[in-house]
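What follows is a single structure, and I will ask about it in a moment.
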Amino acid sequence: MAEKILIRNGRLIDPANKVDRKTDLLIVGEKVAKVGAVDVECDRVIDARGRIVAPGLIDLHVHFREPGDEEEETIASGSAAAVAGGFTSVVCMPNTNPPIDEATGVEFIHRMGRQARKTFIYVMGAITKNRQGVELAEMGLMAEAGAIGFTDDGAGVQNAAVMLCALKYAAMLDCVVAQHAQDDSLGRSGVMNSGYNSTVLGLPGIDPLAEEMMLWRDVQLVKKTHVRYHAQHISTAGSVKIIREAKEMGLPVTCEATPHHLLLTDDAIAEYDTNYKVNPPLRTQADTQALRQAVKEGLVDALATDHAPHLQSEKELEFLAAPFGIASLECALGLYVEALIAPGVLDWPGLLALMTYRPAAVIGVKKGTLAEGDRADITIIDPDAEYVIDADKFVSKSRNCPYHGRRVKGRVEKTFVAGELRFSADR
Amino acid sequence: MRKQNQEKFRWNRKHLLGLKDLSRQEIEFILDTAGGFEQISTRSIKKAPTLRGKVVVNLFFEDSTRTRNSFTLAANRLSADVVEFTKKSSSVSKGETLIDTARNLEAMGIDIVVIRHNAGGAAKLLSRHIDACVINAGDGFDEHPTQALLDVYTIRQARQTLEGLKIGIVGDIAHSRVARSNIWAMTKLGAEVILVGPPTLMPAQVSRLPVRVSYSLDAVLEELDVINMLRIQFERLGSNPFPSVREYSHFFGLTVDRMKRAKCDLTVMHPGPINRGLEIESQVADGPNSVILRQVANGLAVRMAVLFLVNQGAAEQAKKKA
Amino acid sequence: MKVVMDEKQIATSLVDLTGRIAAAVPDGTDIAVIGIRSRGEILAQRLARSLSARLGVTVPCGTLDITLYRDDINEPRGNTQPTVRSTEIGFDINEKIIILADDVLYTGRSARAALDALIDLGRPKAIRLAVLVDRGYHELPIQADFAGCTVDIPGEQTVEVRLTETDGIDQVIVE
């Protein structure tokens, strides 16, 4: 007999189905059995008064470092961090060591994900062999093994012909091709945004053009191929403009924005704190404003953390030498609330749309909804709970979080994956 | 006036990381203090017992002969013991880290670390992780505070004050820590700074710095009171900021010819080592307007003052804690 | 506050000091006065003037900054921070009798620092210590060769010498 769990009195927000009302929800086994008044005997009743009951959150961009850098994160620790952050599905990037550039790697990640039994794990494979940007990786075999898209994340595909080839080939697989847009000829030696702050700090900069030029180039390639293209972690006002134009042309172009590019600017680097070293780099106030505006206009399809864990010892290096990346999976929701709900850019249904069915659509999976019969991936959120982010309490293996000590509002209380309670804040 | 200022002022810093965060009063206090050290180098016993029993580590991750020698000599003249630690830094994250290196040295009981590093912010990073005093002897393109202090000290010596002077800094501004520290020090002391060089050697958004920018030396030469010629960095050749040394010298070299058009009392400076005939012609470098060797001599006094002051700052902070 | 010496007593005392110093210097010996910054500086200038008049030769005068030789440089005491100023001695001290001048002799530590500083500058024939007030309670085996006045002032009190050049009045007070 499948377990029956009743979530009562919650504010059910299911953006895909335009639902936002106070109601009950019944889980039977792995599925949502009923939405509305429930009158059956249940094994367990959860009172969600004052809470938001939402489809499980989806993060299109995480780095779980396995295989290769298990001291920073493993699929098990990353998965635990994901459900603690309310994420029931995440997409792992292929820049591991070795990179995920063939089917066995994809299968490995899936297997480890199943064993961790926390969040659901999707995989993006590398576009090119060893992420070198030269020869196409076995995209077809990886797709057959379950990869939902491709990217050389951590680097952009520099060569236009290679990128064109990848897009054309992906058409046959019906997979999205994602890009970390950065032209190395303009950005390779940089460690932060190129601008007044890099000048004052004497650090080599990454020109916003490095991102914008590759993004613009890719849009032209999409114009030719009409293959689904996803711009990862866009960071500049110029990129927003390019995305806007692409969407106006009706091209199958999507994009994501991270908490740090919505919240932080390169002013934060004044003391050379390497926890703010991230790629693409933190930009300026004008850029964060443009990104928020893009979110408001619906140009941004997904919010994604780019959770990039690193060892403390690595982040204690000189700013030039320290690795790029911010670990934010466990505190992302509060950050999005601060960046988007508090200033009135979005309301809760709007925010949840960018964390549920819309990212699902980017990778072409049917998820992120809470209709009867849907898989019971559910996140229960206390929208009014305020708390101080404490990186030392993260279940992630890493602590490279510049938000440590920041007060945020909006906390994940419970996370169900396929009807099973995988995280509970009061546990 | 100066005397009164001094009496009210207390020096509280145990690190000298850069000049950007220093007040005008602090900079002037260092310069005034340096004045008291100048005569040590002129007498027969060139030593005072001030830092007797203190250990200074020269932690140099980048080649530097003159700055290191200057610090060593300055420390020796104040009777400190000097440990030389030279190491090529690696940009990879493996191997012993800067913090570990410094903590190891600190475990041996050191008092002052003088650090030169290829990464901007290295001195600041170090100061956050060790108890010893930290003096920045140049970090990446960030700052080289003692060089700028000796530069303004030399200008003060030659021109009494920096107030109202027009000072040109010529060369690779983008990759120069000397230029950055100079800009902070000179503008704080009331001078107008004009950066001169090709646009490819100007840093991003240079116009937001408190300076004027000119791509032509000839256009501003006649109004300058002081000119600081930065050294051509040959390692930049080929990465395209300028096509050839010949072309650079043609537009930005300080020649005898250009000197004829400059003010007759133009003060000519260079942080060294000089590329004779490239950024500056020999006759100019050795001529009556040049204070290049005074800069070297003053560097010693300024570095003695800085060593003295950070030690005093540490004592002040220790006192406050107790 | 108690006035230990007024303007008149200081003047008398300086005349007396000048006489005793002049008498102690053998004929034909070069003599110079060096004051310890900052209070000894003015006293030295006055002594140099009066000695020049008395001896009929120009007695050179200099100022010695002893900050770099202080023994408390790593443990600053009290509210004042030692400040380095320049030493200004425009003459050769070798083979001269140096009259080291200071306002008050108390612990003897300033005099000790001054002796070390002077010896780093050269090798005088002799160094003699002249002070306006010797208040006792010395902590080092150092005595004044010439003292304008000798009084016993316990450690918790401070002796302050005020001079016209800097304070607008000549007096010595105890607080």
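First chain written, first letter: the chains are A, B and C, and each begins at residue 1.
One rule holds in what follows: a contact is a pair of C-beta atoms (placed from the backbone, for glycine too) under 8 Å apart; a residue touches a chain by one contact, two chains touch by 3 or more.
Computed from a predicted structure; not experimentally measured.
**Q** Tell me, please, which chain's centre (mean of its C-alpha atoms) is farthest from the centre of chain A?
**A** C
**Q** Taking all protein C-alpha atoms shown, work out their mean, then name the chain whose own C-alpha mean is nearest to it.
**A** If one averages C-alpha positions chain by chain, the most central is B.
**Q** If you average the CA atoms of chain A and of chain B, how many Å lie between those two points?
**A** Each chain's C-alpha centroid was found; their separation is 45 Å.
**Q** Roughly how many whole angstrom separate the Cα centroids of chain B and chain C?
**A** Centres of chain B and chain C (C-alpha means) sit 39 Å apart.
**Q** Could you state the distance in Å from the CA-based centre of chain A to that of chain C?
**A** 77
**Q** Enumerate the contact residues on chain B facing chain C in the complex.
**A** 6-7, 10-11, 32-33, 35-40, 43-45, 47-50, 78, 305, 308, 311-312, 315-316, 319
**Q** Where on chain A is chain B touching in the complex?
**A** Residue positions touching the partner: 194-196, 198-205, 207, 271-272, 313-314, 316-323.
**Q** Note which residues of chain C are touching chain B in the complex, please.
**A** 65, 67-69, 73-76, 81-87, 116-117, 120-122
**Q** In the complex formed with chain A, which residues of chain B make contact?
**A** Within the complex, chain B touches chain A at residues 20, 89-93, 97-99, 117-122, 124-125, 129, 139-143, 177, 180, 203-206, 208-209.
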